[in-house]
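Look for subunit A in each of the two complexes below; its partner is subunit B in the first and subunit C in the second.
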Partner chain A sequence: MPVYSFYIFDRHAECIYKRRWLPRPTSIAGKPSRATDAQAGSTGLGQTVKAGDDDAKLVFGTVFSLRNMVRKLGGEEDNFVSFTTSQYKLHYYETPTNIKFVMLTDLKSPSMRIALQQIYINLFVEYVVKNPLSPVEHPGGVGVNNELFEESLEQFVTRVLA
Partner chain B sequence: MCAHPNPTDRAGGLIYQREFQAGLRKLSTNDYLVLAGTFHGVHAITRSITPKLPLAPSTSPVASSPGTTAPATSGYSYPNPGVPATGLEFLETDKFHLTCFQTLTGTKFLLFTDPLTGNVDTIMNKIYELYADYVMKNPFYQLEMPVRCEAFDRHLGAWLRGRT
Partner chain C sequence: MSATKASRIGEETRIDKVNAELVTLTYGTIVAQLCQDYDNDYQEVNKQLEKMGYNIGMRLIEDFLAKSGVGRCANFRETADMIAKVGFKIFLNVAPTVTNWASDNNQFSLIFEDNPLADFVELPDDGRAQDELWFSNILCGVLRGALEMVNFASPFPVQMQIEAHFVSDVLRGDDTTEMRVSLVRYIEDEMPPEEE
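Right, the complex of A and B next:
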């Protein structure tokens, strides 16, 4: 059950954490050579990709518009849980403090609402919010990019969700 | 079951909207238009944020993937190679489900249902069929204009009433 990417947005609509997991390059050809395997290992699972900020902004725009749309139709306490396209599934969880957790997975994955809640309660609160050195707000990802949080998120996604 | 089909045209304008059972909040006509326009934009964005998976660099993807629509030549593939990337198709919330069906010509049908309603695809296909029969085949219907076809209203209402 591959997880493609994971985003955290704060209440100022800023992306404070972003991580992508690239599955091993899919070689459709019959026999992948040794060299490609080695390369696949190095660029494989768990690599943080420093790409442009654009996709985070697009993801935020989508999630924000859909959330407003759902609230308009379903009432203030309604919230959207996930949506699917023909290629991926996007899961959404918003905390009472308006921090938004977004995860993109493949189509076959079950509802990730509990998983995102777990990430918030067991990882974000424990390692970011309770960290005495971490600021209250996280402009540019300050305080979220600490080693413990990243490491445990990595483990959670690769071991628990995989 | 509350169904709520809204065909939106290719530019995101709402051309038909009807509520069959109360369940969702009642909005003004203007709000529905705004909603349809917003959805149109979001639909396009959801297609563009499709994750791109890198292909193994040494393989020759062009020769190895005949017939796939994934842009293999540029070094990445979509998670579901062979299926063209589409925008949002199904949205789940606590209170309702939204199914979006896009026809080949780009008209979108949005169906809002209760989370317990099953067989949404069947409903959607029937609505499309009725739309083709009573709207598109109506010689007085002007393309991209609001749908005002009495026969469509009647048949749609009758069919959905027969289902519930």
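Right, the complex of A and C next:
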């Protein structure tokens, strides 16, 4: 079940981590190739999403508005879990500290809410927050892009979720 | 969430244990070093301890949420129970009493019957430490840092700024160790910056 991309937004509405995965080619059953280059990753979502920094901003704007609308209609404790388009499914998890985790997967994927929560508890808190030498806030993603976090995330997405 | 439910979460949340004496001695060493570095300027030592606590609190809150799995608090009273019965319980294994609410519900006291940071401690007899040093002042900072990061579920999520200080300490010869916690203001949810 392909994961297309993954974003973390901090409480200052800044994208502090972004990762894209190319969809697994059907002919090769190996590890999905990784697209760190923003331009190279655009094929993951068909032709609908423009490459570059824009997508993170768009994703944030969408989840921010959607979350506020959901709370207005459904009450303060309400939250949206995912939404689906004809191309992808967007999964959302927000911590009480206002850190937002977003994952885009293909349409057939089950709910990723637990997976996103696990990423927060077991990867983000352990490897980013508890690293005493990383800054408390992460402007521009400083401190999030450390090896332990990235590698564990890669493993989690390719092995656990695959 | 009721106070009893908060107690239960505090009791049940599993956490790795660490030797209490190690914590006490480590903390004591920090305070002693600060006193030395600032030439026994205890006001300054209080300030530095609070600042250190603030930096710890900002991180500790994430660990707290990850471990306890609790959601947002609906009001400041719930927050107080959460701090006393879950927070202090899982990190220091003490559960201070929440009391002395101000009439506007924006101020309360935490009474510590037991304070692991201050075990074996006797304040120096220089005639000033007893009046000026708040030995466990790091705790005030931890609360300030931690609460600044979380938000209420009220109409739109808001974060809160609080102020905490000790008003009495058994180390100074007082009957109780009491910390006063006040809600200063709510901080609005940050919006994404406008496109230029």
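Operating definition for what follows: the second predicted complex is superposed on the first by the 134 of 162 C-alpha atoms of A that agree within 3 Å, B and C clash if a C-alpha of one lies under 4 Å from a C-alpha of the other, contacts with A are read in each partner's own complex, and residues count from 1 in each chain.
Quick note on the criterion: a residue touches a chain if its C-beta (ideal position, glycine included) is under 8 Å from a C-beta of that chain, and two chains touch if they have at least 3 such contacts.
All values reported here derive from a predicted model rather than from experimental measurement.
Visitor: Touching A:V81, do we find subunit B (first), subunit C (second), both, or neither?
Guide: The first partner, subunit B, only.
Visitor: In the superposed arrangement, which partner chain does A:L66 touch: subunit B (first), subunit C (second), both, or neither?
Guide: A:L66 contacts subunit B only, not subunit C.
Visitor: According to the stated criteria, A:D106 is in contact with first (subunit B), second (subunit C), both, or neither; which is it?
Guide: The answer is first: A:D106 touches subunit B but not subunit C.
Visitor: Looking at the overlay, does A:Y120 come into contact with subunit B only (first), subunit C only (second), both, or neither?
Guide: In the superposed model, A:Y120 contacts subunit C only, not subunit B.
Visitor: Between subunit B (first) and subunit C (second), which, if any, makes contact with A:L161: first, second, both or neither?
Guide: A:L161 sits against neither subunit B nor subunit C.
Visitor: Once the two complexes are aligned on chain A, which partner has more residues of subunit A within touching range, subunit B or subunit C?
Guide: So, of the two partners, B touches more residues of subunit A.
Visitor: Between subunit B and subunit C, which residues of subunit A are contacted by each of them?
Guide: Shared contact residues on subunit A (touching subunit B in one complex, subunit C in the other): 61, 68, 77.
Visitor: Spell out the residues on subunit A that touch subunit B in their complex, using ranges where they run on.
Guide: Contacts found on subunit A: 2, 4-5, 20, 22-23, 25-30, 32-33, 35-36, 39-40, 43, 55, 58-59, 61-62, 65-66, 68-70, 72-75, 77-88, 90, 104, 106-107.
Visitor: Which part of subunit C faces subunit A closely enough to touch in the complex?
Guide: 55, 58-59, 61-63, 65-66, 70-72, 74, 149-151, 153-157, 159, 189-193
Visitor: With touch defined as at the start, can you tell me which subunit A residues reach subunit C in the complex?
Guide: My answer: residues 11-13, 57, 60-61, 64, 68, 71, 76-77, 95-99, 120-121, 124-125, 129-130, 136.
Visitor: Spell out the part of subunit B that touches subunit A in their complex, as residue ranges.
Guide: Its residues touching subunit A are 24-25, 27, 31, 35, 38-39, 41-42, 45-51, 53-61, 64-65, 68, 72, 77-81, 83-96, 112.
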